[in-house]
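In the two complexes that follow, subunit A is the common piece, with subunit B as its partner first and subunit C second.
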Partner chain A sequence: MKPPPFAYCRPHSLDEALEFLAEHGDEARPLAGGQSLVPMLNHRLARPEVLVDIGAVGELQRMERDESGWLIGAMVTQRRVERDGTEGCQLLRLAMPFIGHRQIRARGTVGGSIAHADPAAELPAVALTLDATMVAASLDGEREIPASTFFAGPYMNSLEDGEILSHVIFPMAPPSTRCSFREFARRKGDFAVAGVAAAVGFDDGSVTAARLTAFAVGSNPVRLAAAEAAVAGRRLDEAALTETAEAAAAEIEPWEDIHGSPQYRRQLVAALLRRALQEVAP
Partner chain B sequence: MTAPTARRVEPSVEVPISVTVNGEAVEAVVPARQLLADFLREELRLTGTHVGCEQGICGACTINLDGEPVRSCIMLAAQVDGSAITTVEGLSSEGLSPLQQAFKDNHGLQCGFCTPGFLMTLSTVDPDEYPGEEGIREAISGNLCRCTGYGGILQAVRTAWNRPQDA
Partner chain C sequence: MPDTFELGGRPVYTGAHVTRRQDDALLSGQGTYVADLRPSGMAEIAVVRSPIAHGRITAIHTAAAAAVDGVIEVITAADLTDVAPYPNFADAYTQTPGTFPLAQDKVRYAGSPVAVVLAEDRYIAEDAAELVEVDYTELPAVTSLEAALEPDSPRLFEDWPNNRLLDLQPDDSEVAAILAGNRVLRRRYKMGRHTAMPMETRAALAEVHGGRLHLWCTNQHAHIARTTLSYVLPLAERDIRVVIPYVGGGFGLKQHLYPEDVLVSWLALRHDRPVRFVEDRAEHMIAAAHARDHMIDIEAAIADDGRILAMRVQVVQDLGSAEIFPGAWCPALTTAAHMTGPYDIRDCVVSVAAVTTNKTPGGSYRGFGVPEAVFALERFIDEIADEVGADRLDLRRSMLLQPADLPYTTASGALLDSGSFAESFERVVELGEHAYQRADARYRSDPDSRIGVGYAVLFEGVSPTHHGASAHWMGHESCTIEVQPDGGVRVASGVTDQGQGTTTFVATLTADALGVPMETVRVELADSDATPYGLGAFGSRQAVIGGGAILLAAAEVRGKVKRIAAHMLEAPEDDLVIEAGRVHVAGSPVPAVTMAEIATTAVIRTIDLPPGMEPGLEATARYEPELMEHTPDEKGRINANAAYANAAHAAVIRVDLGTGEIEILNYILAHDCGRVINPPIVDGQIWGGIAQGLGGTLYEDLCFNDLGQPQTAFMDYLVPSAIEMPDLVIEHFESPSPNTPLGMKGVGEGGTVGPAAAIGNALAQALAEFSPQIHETPLSPAVVRAMILDQPA
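Moving on to the complex of A and B:
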């Protein structure tokens, strides 16, 4: 349970970090908070030759708000988002307490969690729900990747070799938007068995636009298109809740693992979504 | 934090660090692969930091790093260059701290393996962020104990944090 040997460097600028990654190609790996990567090293599930610690790169620590949204640097810790909040982007903060424990969030970063793309992770689900934009940096410049194409399978993202996730832009939701984040886990702090995120806009009590996501049910978080359609334009009465929850349960194709069967996960998503919609109802 | 003039330092298997541990400045050259928990225990002989799972789950290795509770088993010693660390040995210079005394008085430990981790979590977080009985449970949720059944630990925290005793 000790890491294999590797060489380590701690560059102080993004350019320098990108140079190291370019020089060492696929033998190098960025190290962010280490809350997923160091356990993987301890288990020898990862054997990089070179670790490029991006913890001292100032450019990746930005946390800024303008009228269009929040720009969160990849190295901003989950704890910092939990503590400082993201006014006008409620869903992001609502999700934080579900990530592991305080000790994990103290080191774990927003960029690390999104790059790691764990199927049961909260931040990828938030990014997908809010149509966030991932900004990748390389020696050739910056490239924007929408959340809808960023996640490329379990623990896989669509960054190229030599690219670092630089920051994530979470767009500001319209003021009428109400959000809910819910998940079920066996114990506090465990990864979810299933979860949902909801950002719902209202006009005069009726849903204008609903963005609904399920996670921990398959390779990556999924938008619940059928459920979004089922609830559009409606008041959240009993019939709307039931039909939306049923639509979600029917459209997902949950996987089976030791934590639950597909049928169990369908029921969980239906129940969680129903509660989330009850919570956001005006 | 970022020193714009910092010279480029090539990747290396040995890393020089300077770190403050329990108030004392420490200079060392550490193997790149060395875990922080092992550096504290084996190089500095601060064996109060316990290692249970080495995968971030049990909390026995929790320390105070720059004012935040963190797992020293899933950090590299190389990553703490420039930081300040408090381990359980640094909680009190004489006798027991009030938190430690509360654990002793309330049977907050049996074998004691998990205790340094609980103490470091609880001494690092701000109790005001964890109100009520539910807050105490939330605060200790990242630390596992296999002996006490948690009753004594909860009672110890209620005492140390001046919370109602009969919860």
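Moving on to the complex of A and C:
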């Protein structure tokens, strides 16, 4: 568990980082908090020639709120988001404690987790649920990528060579939106066996718009379109809960690993979604 | 038992809350482990391991690796021309795997060592190891115990008639007759494969000093390691020194002398430079011993009220490839010896098979066959109760050994000379039922929750013979005590410390047995040059057997101290007492002579000794328990342990019907290890044991696919953390053994043994409405959820 040889550089500005990345192309990998990449290096699953440590790039440390939402720089640690809070963005706040352990969150970054696109990770699920915008920087300028197209398969994103995820914009939800974040992990801090995120708007007790996402059940987090349709316009009574949960279980195509079969993961998503909806019900 | 097993005076430290000696060093990061040792000129190895589970090696290409800058040498089995296979002293009743440090013709598990790269550091060694190419002809893999038992199963060892390394089929005619005339209930139980996950992985550093090999390693036995190395390497035992520095947990896994221990030694001798191996966690998952993986079939004749009249049991253990030393069949024998539990079941016959499969070799792990027996028997008793409509607690009461039944010899030959079987059970039931009522009231209105309480009551052989595992070493322990001229004490013993507090109990007993302040006692362990030959850590033995040796040596020294003091004080020897390092007449503290004055007289100013007395103030003693047997009688019965601890467990659980998760609401344990030396250490042993027992029951699972490929990486190997641990209620009973020093019994494993049974029984109650089939561990959420749906997981 020692990495193969690599070169290491630590730029101090975004432009400098982008120049390194442009110079080395696909032989370079940005190193953010290192909570996924370093183990992959040690297992020799990732073998970059050059590590570009972006920990000293000040532009990536922004964390600002305006009327449209929260702008969070790629190098902002998960722990900082958790500690400083993201007022008005309830789902993000609810999700943070599920990310690994506090020690991991102290190093792990928002941008690192989203760019790594682990199918079981929490932040990609939050980004997808809230329709967050990923902002990619390159020497040519900035490009906005919606969450719905950012994730391109397990551990894959749609950044191009020479691009780096510079920040993420999590939009504010309307005030009537109520959120729940639920995941089932074998131990506290483990990767989820299955999880759901819900942001549900209500008007006079009925659902106006439901944004429902399942994660750790496929290549990437997935919006539960059939479940969203099943719950739209309804009060969250017993029948609505059951039908929505069943719709979710039916529409996902989960994978199998030693912690559970596809069948088990469908049941988990149904149980978690049901509880999430109970939680947000007015 | 000699009457010298006494402390000699009023105990000051024994039974008191004495702080563990290493805590300051451990908590401040000052402990020196093998991985902290970096002698100048040290080289490191990386092991090339088989990626396949079963195959014939046709070629090994090492040239590319050998050409890497910084690589010193790349070796394969063919280079080890002066190395002998590990011995098998049990070949009268087992097949011999002929284990060699590197795979010779075949590989039999994924992870098997095939070649070694020696390089200037581990980074280079790993870079080069990637370049070693091995050509294999793959063979079909045997990946389960059931498959290994099939008559036409592929064989791991082609010169064996089958895959059964061990196959003991005792005469069962007497039990068969009872079964034939009664109602018979049959069940099959399985315990999954899991193992120790010590914070410190295995490590070994070999150096050569003046032609002698010095091996620093994580093994649990300095002397057994030395002797074994002398069998395998072309070295005289006098030319080997084994030292065990700080160890970050052994748990049985470090009982084995692994190939890497031999390989670094051989390479250090060959290149005359220090060579180190520090196992990484990925290697640990596939190359350090696995454990459990048992299947137990019980057939029992039962009375109308459910009482067990007779049992016929078959125990099968999956050994993996069995390429390990000492061999790992002994847990199955231990399972057999515990199949009747602390119940009056006089007719029980157990057949034992241990089979080879293409998986990582099984080995020793805390509990050592007992958790398997307790899980099977205690689940079985609950199932009998359900079957006949009896109360599961009353059914136990009707069979449990009562104080008047003791001493009691079990059907397997275990001599239960003392214990609190019924009392500890009743106490746990009292606490367990109360906790259950509270939990039930709290969750009754929650449609997603079900509550259950389960019990397990057990005895556990402690301080066993080593002969069952090795067919070679027996069961003694050793101790040398020397009082130095300044009155300070050096005590050297064959016991070893893996972090459990051995050093502390050695100092405790020595101080009390000599009547000296504990801070004047220096403890030397785990250095084969500095300590008398002892067997070290296994089977919860060290306090009992090591303690016996300390008491014997101390009694001899104490006698001489008193004889010298009597001469110096001109007082009758029998009137003297030793307290706080001073000897005086009982009841009158002045005049007194100090230990320093006595030792100075004994060692330096010998002119002042009583006429005719030999100089010196030291003694070496060895203790081998008289009642411990090493080989079975003609009926297979054996009292293989010096003592038997007992415990009762209760688990109150909540099952989440939506996820299948088991939450432990209360865990209650009543434990009896006889005389307690250090209460916090005893509690610590129980906490740690419970953690490992819970791990194997709920979380930990070493899975293999049909090709024999290991499926569980460390990320998926779910060792319970502090967050997963429930709060424990621990109740102590003290039933001193009349046959052990101070009445001590071992405490190292009792916590590990009960959780699977208690939780399994709690789950059966919680899910009673679903009629769950609870016959296997681990009880993962997916498995439990399938019980709720009655669908496959």
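Keep this in mind: the second predicted complex is superposed on the first by the 282 of 282 C-alpha atoms of A that agree within 3 Å, B and C clash if a C-alpha of one lies under 4 Å from a C-alpha of the other, contacts with A are read in each partner's own complex, and residues count from 1 in each chain.
Rule of thumb we're sticking to: a residue touches a chain if its C-beta (ideal position, glycine included) is under 8 Å from a C-beta of that chain, and two chains touch if they have at least 3 such contacts.
What you are looking at is a predicted structure, and each value in this text was computed from that prediction instead of being measured.
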Partner chain in contact with A:Asp53 - subunit B first, subunit C second, else both or neither: first
Touched partner set for A:Arg178, first subunit B, second subunit C, both or neither: neither
Partner chain in contact with A:Lys188 - subunit B first, subunit C second, else both or neither: both
First, second, both or neither for A:Ala106, with subunit B first and subunit C second: first
Which of subunit B and subunit C A:Arg275 touches, first, second, both or neither: second
First (subunit B), second (subunit C), both or neither touched by A:Pro4: both
Partner chain(s) touched by A:His259 [first = subunit B, second = subunit C, both, neither]: second
Which superposed partner A:Gln267 touches (first subunit B, second subunit C, both, neither): second
Greater subunit A contact set [subunit C / subunit B]: B
First, second, both or neither for A:Arg93, with subunit B first and subunit C second: neither
Shared subunit A surface residues [contacts with subunit B and with subunit C]: 1-5, 43, 188-189
Residues of subunit A that touch subunit C when the two form their complex: 1-5, 43-44, 184, 186-191, 193, 257-261, 263-264, 267-268, 271-272, 274-275
Subunit B - residues contacting subunit A, complex: 1-4, 6, 8-13, 15, 32-33, 35, 38, 54-56, 59, 62, 65, 68-71, 73-76, 78-79, 81, 121, 125, 137-139, 141-142
Residue ranges of subunit C touching subunit A (in the complex, touch as defined): 122-123, 126-127, 130, 280-282, 448, 658-661, 699, 701, 703, 711-712, 715-716, 718, 720-721, 723-724, 780-782, 785-786, 789, 791-793
Subunit A - residues contacting subunit B, complex: 1-13, 16, 20, 24, 31, 34-35, 38-39, 41-43, 50-53, 55-58, 61, 79, 100-104, 106-107, 188-189
